[in-house]
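Below is one structure; the comments refer to it alone.
Which chain is which? They are A, B, C, D, E, F, G and H, in the order written, and residues in each are numbered from 1.
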Amino acid sequence: MRVGDYACIDLDREARTGVPEVVLAEGKTLPQLVGIARAMVGKKGRAIVTRASPEALDALSRLPFSKRKHPDAGMMVLWAPGFKAGRTGGTVGVLSAGTSDYRVAEEARLIAEELGCRVVVAHDVGVAGVHRLVEALGRMRRSKVDVYVACAGREGALPTLLAGMVDVPVIGVPVSTGYGIAGRGRSALYAMLQSCSPLVVVNIDAGFVAGAVAARIAHGRRGR
Amino acid sequence: MRVGDYACIDLDREARTGVPEVVLAEGKTLPQLVGIARAMVGKKGRAIVTRASPEALDALSRLPFSKRKHPDAGMMVLWAPGFKAGRTGGTVGVLSAGTSDYRVAEEARLIAEELGCRVVVAHDVGVAGVHRLVEALGRMRRSKVDVYVACAGREGALPTLLAGMVDVPVIGVPVSTGYGIAGRGRSALYAMLQSCSPLVVVNIDAGFVAGAVAARIAHGRRGR
Amino acid sequence: MRVGDYACIDLDREARTGVPEVVLAEGKTLPQLVGIARAMVGKKGRAIVTRASPEALDALSRLPFSKRKHPDAGMMVLWAPGFKAGRTGGTVGVLSAGTSDYRVAEEARLIAEELGCRVVVAHDVGVAGVHRLVEALGRMRRSKVDVYVACAGREGALPTLLAGMVDVPVIGVPVSTGYGIAGRGRSALYAMLQSCSPLVVVNIDAGFVAGAVAARIAHGRRGR
Amino acid sequence: MRVGDYACIDLDREARTGVPEVVLAEGKTLPQLVGIARAMVGKKGRAIVTRASPEALDALSRLPFSKRKHPDAGMMVLWAPGFKAGRTGGTVGVLSAGTSDYRVAEEARLIAEELGCRVVVAHDVGVAGVHRLVEALGRMRRSKVDVYVACAGREGALPTLLAGMVDVPVIGVPVSTGYGIAGRGRSALYAMLQSCSPLVVVNIDAGFVAGAVAARIAHGRRGR
Amino acid sequence: MRVGDYACIDLDREARTGVPEVVLAEGKTLPQLVGIARAMVGKKGRAIVTRASPEALDALSRLPFSKRKHPDAGMMVLWAPGFKAGRTGGTVGVLSAGTSDYRVAEEARLIAEELGCRVVVAHDVGVAGVHRLVEALGRMRRSKVDVYVACAGREGALPTLLAGMVDVPVIGVPVSTGYGIAGRGRSALYAMLQSCSPLVVVNIDAGFVAGAVAARIAHGRRGR
Amino acid sequence: MRVGDYACIDLDREARTGVPEVVLAEGKTLPQLVGIARAMVGKKGRAIVTRASPEALDALSRLPFSKRKHPDAGMMVLWAPGFKAGRTGGTVGVLSAGTSDYRVAEEARLIAEELGCRVVVAHDVGVAGVHRLVEALGRMRRSKVDVYVACAGREGALPTLLAGMVDVPVIGVPVSTGYGIAGRGRSALYAMLQSCSPLVVVNIDAGFVAGAVAARIAHGRRGR
Amino acid sequence: MRVGDYACIDLDREARTGVPEVVLAEGKTLPQLVGIARAMVGKKGRAIVTRASPEALDALSRLPFSKRKHPDAGMMVLWAPGFKAGRTGGTVGVLSAGTSDYRVAEEARLIAEELGCRVVVAHDVGVAGVHRLVEALGRMRRSKVDVYVACAGREGALPTLLAGMVDVPVIGVPVSTGYGIAGRGRSALYAMLQSCSPLVVVNIDAGFVAGAVAARIAHGRRGR
Amino acid sequence: MRVGDYACIDLDREARTGVPEVVLAEGKTLPQLVGIARAMVGKKGRAIVTRASPEALDALSRLPFSKRKHPDAGMMVLWAPGFKAGRTGGTVGVLSAGTSDYRVAEEARLIAEELGCRVVVAHDVGVAGVHRLVEALGRMRRSKVDVYVACAGREGALPTLLAGMVDVPVIGVPVSTGYGIAGRGRSALYAMLQSCSPLVVVNIDAGFVAGAVAARIAHGRRGR
């Protein structure tokens, strides 16, 4: 479906892949962003917007739809009246290594929830004090987590340790914290890719991707 | 379990994580490699060796165990008499974009097979001629694939296209082919991480990691 | 021709190469930019300005010339009274992979138009949903496109797919979108350079270069 | 068409795009390479092999086909009896900046010739002594060159100067010569991408790509 | 000589090396900058400040000294009453490739002048139109230039061409213009270091260093 | 100890490692930062905050605790009434190469002081005038320094020279000054890691890490 | 002391810094290496050679001195008759994360021993199975280790975990294992520099530097 | 002058620039290299060959000309009977920081000598023991050195220190020694470019360039 001369919405993506098209706010002008969000709510009943600046969130707030806002994560979800997301089932465990990784972990959480999963969360459980991870993991295991999303912004060892302790898939998400050499998440990305534990990885700050793939995995683990 | 003064085998890893310790041949002297392989067969019934040079494969061949050899993939599996791997179930689809990506795709295939999955394979189905991918995908869908592993060494678009066509998880594996700028797989890695499709990624040439995580996912999708 | 002590305009460039000197606004002070634009309109009848900030566009707007403005593309064209650009002929097809690539694709479009070509455009036809590309391509083929300019900001596979489907030259333009590792267009640049399809490439965001070379090619394909 | 379990030849590519599938020898085992070459000669009448090592050229030499060999360029062309390549027309000018760039320029030349173009060549005409370029250019202009391919391995200024002197398209090819910082062609690649002249570029050492796109352009410039 | 607790001025540097200590404004707080400038004027009769922001220039302007200001180059020179710089003799030729390189070339010019040289300047004489360089060079040769400083921000070929035409030393200065890959002067730096012509280079934007070394060379060439 | 849903303070770290948890302000929202600081003062009697922006320092200033402020170093220490830090003993020598390295050297100094050491400081003693270093070193030796912290932002030779002159450990701290290639401290980091003198290094600008490890070393050297 | 025209031995270094000059074999011709080793044994009684190839070790073996050889670590120590190294005291704990890190850890061990320390070692105790580290640490604590050297070649988390568990200094040594992106030790280096735990680092594979600084620290911790 | 189809010798370069064309052996086949060397001796009386492998030196040795060989520097000079190089005058001081930098320093020395300068040399005088540099410098000053060439392969501080002590130009030459991060000379290159002392730099290992520019400077300083 064409929107203005600048966008072409892929209306079948959710049917084809199980994951709806999500609107990345960065790189779009405000009129483009608002136009696309309005079109998606109109055609699909829901628009999920990520990486939105405060200005973008303001502009979206003026649209006449129901909303779920998470400014710390730069996200907003807008619904048409009566929209009802499906419950695909499955449980996702989301962990962050430090308070600075909060926003990305929350992005993964919201996406997985919007895709119909239950999510359990533990923030600030990095490996400089490994006992915090052990405690969080005990709680998560009791929730029968199907897949873990582990967000870490500096040395990136959290997903490695986790993958050495559990028997379900682990997705590592590097976060763009850290200064100096290989800062802004590159150090964490490299460490996760070099990990000796079996681990899959997404781009730096890509909470959306991690949440979406986690939902796909969690869904499967409950049976189709 | 200590081997010589140079190794400390993690005998419980398989019980803890569902994935056995795999021996990376690179960076080990031949006596270290042979010593570790012998110890693993003795204690666990099986040793899986990856990234082995021809010299390393020769040295391992002289050990008095049953073997599965795949020299093009730099791999060998050794078994104690009577060893029987479990069938965990689940089906993994492995694709390669070009003939040069064959060795890494085969590494993923062997690992997934050793971890108890059925594997269906299609080589040389890259996007420069996209009809080849469509044909292979038809065949794989009929096999009810639970998770895809897509290996690509240059522009890395194969997993992106695939993830836009299917509704199960896709793992991208960059392969160290390609010359010039960002060659040796870096271009493919970057493209997969930047993909607009929901996609998880492993390190360049990390067929083992992709195969192991795919098995974990495939296992779950069949129910526990 | 000297302008102030800071510029030396190459008045013969268009006669020599078929492409007029274009003014890159970045890196120039406002007085330098305005001085150069005024001199070019005076001597050549037209000034084409690219990569201009809103402040620069404002300053140029106060010049007493006819104008074509495209703020989203950071461009302005100024004409002396009675200036008439030649029609060199030829048709250029411009595609963008996503809405975020709009501004660079529009820069290529304006340049090709100013150099006398017809341009057909399709925005937001990236490979995550490949059917959109197939539709756009059908329309472009009916316009007898002589050369394609394909702008893509993340995985950069659009020009590769395109070059595998058509028999005229394809110019890839990486766009500085994308975050994380190899973001800001580097991932797309690398993927285009590593492409298995025959493809030529310009610098990240270099819509001007792509438009100018496309015009040269399109011109030739209509006969000289 | 499948070859062994490792390759899937795209038989329609030439019809679809005007450029036949070319075999990149690097990254293939000798049996894979020979198998693919034999299959291509059998089905398409010709196999063009690039970036072949001396061992690979030896193995191909033993195939019972007519051959054109160019060991310094790492290339071989093999024909079935009676194969006749079409003459598409058009003239390509190939220049190299130094003797070290010879092999890549020759790769471009052979490809353009195999695709039916006339090629005029000038080696070792780099910008440290710019009079050599001026002399070569005079000769080329008399041959009515439709498109230039300029190969340069160090500072990469040759295509920039050229594009400031001619009114047909120029393709820059960086060559992997040069030592130290940004050596192995990266310096030249960057310089070509940053050029102030309108210039398109291919990957480092990608003589094949430059030759193929040049042929596409040259073909068009003669009219269709 | 200590200034506050934050600086230790090297009062003998000029006597030891012929080049006075120059104050780099970047990275210093305004009070530190003003304190150091005041101390240098007090002890040495002159303070030369480079890379100063508009705020820094404002703060320095309020000091009760004679001044030479060059805001476009981010520079200021302050003198004690009666200060008289020596005339070391020698002539430096300063060239810039484009208007965007103006500020760095001017920094080199001022430094060489403050160190007692005569300077001849030609701006915007880059290689996209090589006739401009030839004209400027004719004028400079008539001035008997002892050493050239060539500033270029994109492909960096200007110093290479120059060094192939003259028989005195050439110093290349990369300038942080240019966008995309290897932008901000890196492309030019690499090209100058890889040049086939004998050429020495300084850091990106290091007009001060180029001017100071040029003065040392020019001084020597007139005899000691 | 949990703070909000975003932090989990490691209360035992000081007992376990001798170094208290320090709060990195970057990447935290103001409410998160203030919440964590308040909790740490409440539980541990002291909060040490690093890399705080002026806004963050303002917010912390409103907390009702005793404070030590160092805005130039981006730091603040807050104490509960009656808090008394231990005197672990030992003397740390802190040097900076230039005025621009002041802020990082001061961060190291404050941390070492808070961890109970005596600190002697010499700023702006870099190697362009090596006599300044010799003078500072004489003074420090008289103070019986147990370990040196040497901060340098450009060529990074200061710690190398120092380590060739003394017989106690030297910690090099690269500082993010310097422009152009490998600027922002990378050049200094690389030089320190490549040093021929025995030298240990921390991340760019990591004054906290250097101060903390120096305190550990200094403590030990006085005997336990 | 001059050796040939190619070397100038710093005979006072040990007296000045407590660490003798160590001979890096890489980059020296065999005659240069042998000449330097002979001169050092002659003047100082001992030559310590690192990073020696098998050929270099062979050439050194023919010298008529007592020797300590460690080919797996590429090292050799040669003594004059009657040479007696001092016992400086202090205990160093050396750990490696994997068998592939053995050679670098052994280099650190030998250096520390030659500098008069007691060394306790634990190999292959990386964090993929964290219980192995806990066991090794228990043993080391009983030996009253003064300083740890932790060698790790892939994700580099070993020193981070260690530094979160102990109260003495920890030196991280990245090892050039690992393939793919940021392989050959860069991933580990970055992770150690970004660590949230207080940690100092040396260059990739710099076992010598780690051993030498550890000895300096260990020496001091026993009192002087 | 054309040689074969692969080279075009610039016979006037020496007259134009004062520096003869020098043959870089790398990247040329042996027949090309020998053909070019023979042609240069024939036309110009002398051929200077750099970066030649042992095989290349062997092939050149068989030419029937007088020769000066320096295998450790990978160089050879060949003369026609009766060739007599001019004495341009001037004195160049060449220093190397370590024995591993010997080969590059010797390349600079030979070039400067072939261009008619007197050269004084001091090897292995790096800054880890700064007294060695002071001694060498005393000797060089007595020789009235006009320009210094300082070669250093690791931290690169040697030219910085030198430029802070002398009042003639200093050229820094990074050498491709050093392992690990930024090894192979990059660390030294960056440090020299970031130096606070006025210093010009050439590419890593570019002894030829340093020698040629030093000769140009030395020549001038003696008067023309």
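Here is the rule we use: a contact is a pair of C-beta atoms (placed from the backbone, for glycine too) under 8 Å apart; a residue touches a chain by one contact, two chains touch by 3 or more.
Small disclaimer: the values here were computed from a predicted structure and weren't measured.
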| item | value |
| --- | --- |
| Least hop count linking chain E to chain G through chains in contact | 2 |
| Chain whose mean Cα position lies farthest from chain E | B |
| Intercentroid distance (Cα basis), chain H paired with chain A, Å | 57 |
| Intercentroid distance (Cα basis), chain F paired with chain A, Å | 35 |
| CA centroid of chain A to CA centroid of chain D, Å | 45 |
| CA centroid of chain D to CA centroid of chain G, Å | 50 |
| Chain E, residues touching no fewer than two other chains | 13, 98, 128-129, 163-164, 180-181, 186, 189, 193-194, 197, 203, 206 |
| Every chain pair meeting the contact rule | A-B, A-C, A-F, A-G, B-C, B-D, B-G, C-D, C-E, D-E, D-H, E-F, E-H, F-G, F-H, G-H |
| Sites on chain A touched by chain G in the complex | 98, 126-130, 154-157, 160-161, 163-164, 178, 180-183, 186-188, 190-197 |
| Of all residues in chain A, those that touch chain F in their complex | 72, 98-100, 102, 121-125, 128-129, 132, 153, 177, 179-181 |
| Sites on chain F touched by chain G in the complex | 13, 16-19, 146, 163-169, 171, 189, 193-194, 197-203, 206, 208-210, 212-213, 216-217, 220-221, 223-224 |
| Touching residues (chain side chain F, partner chain A) in the complex | 5-8, 10, 12-13, 24, 26-29, 32, 36, 51, 174, 176, 185-186, 189, 203-206 |
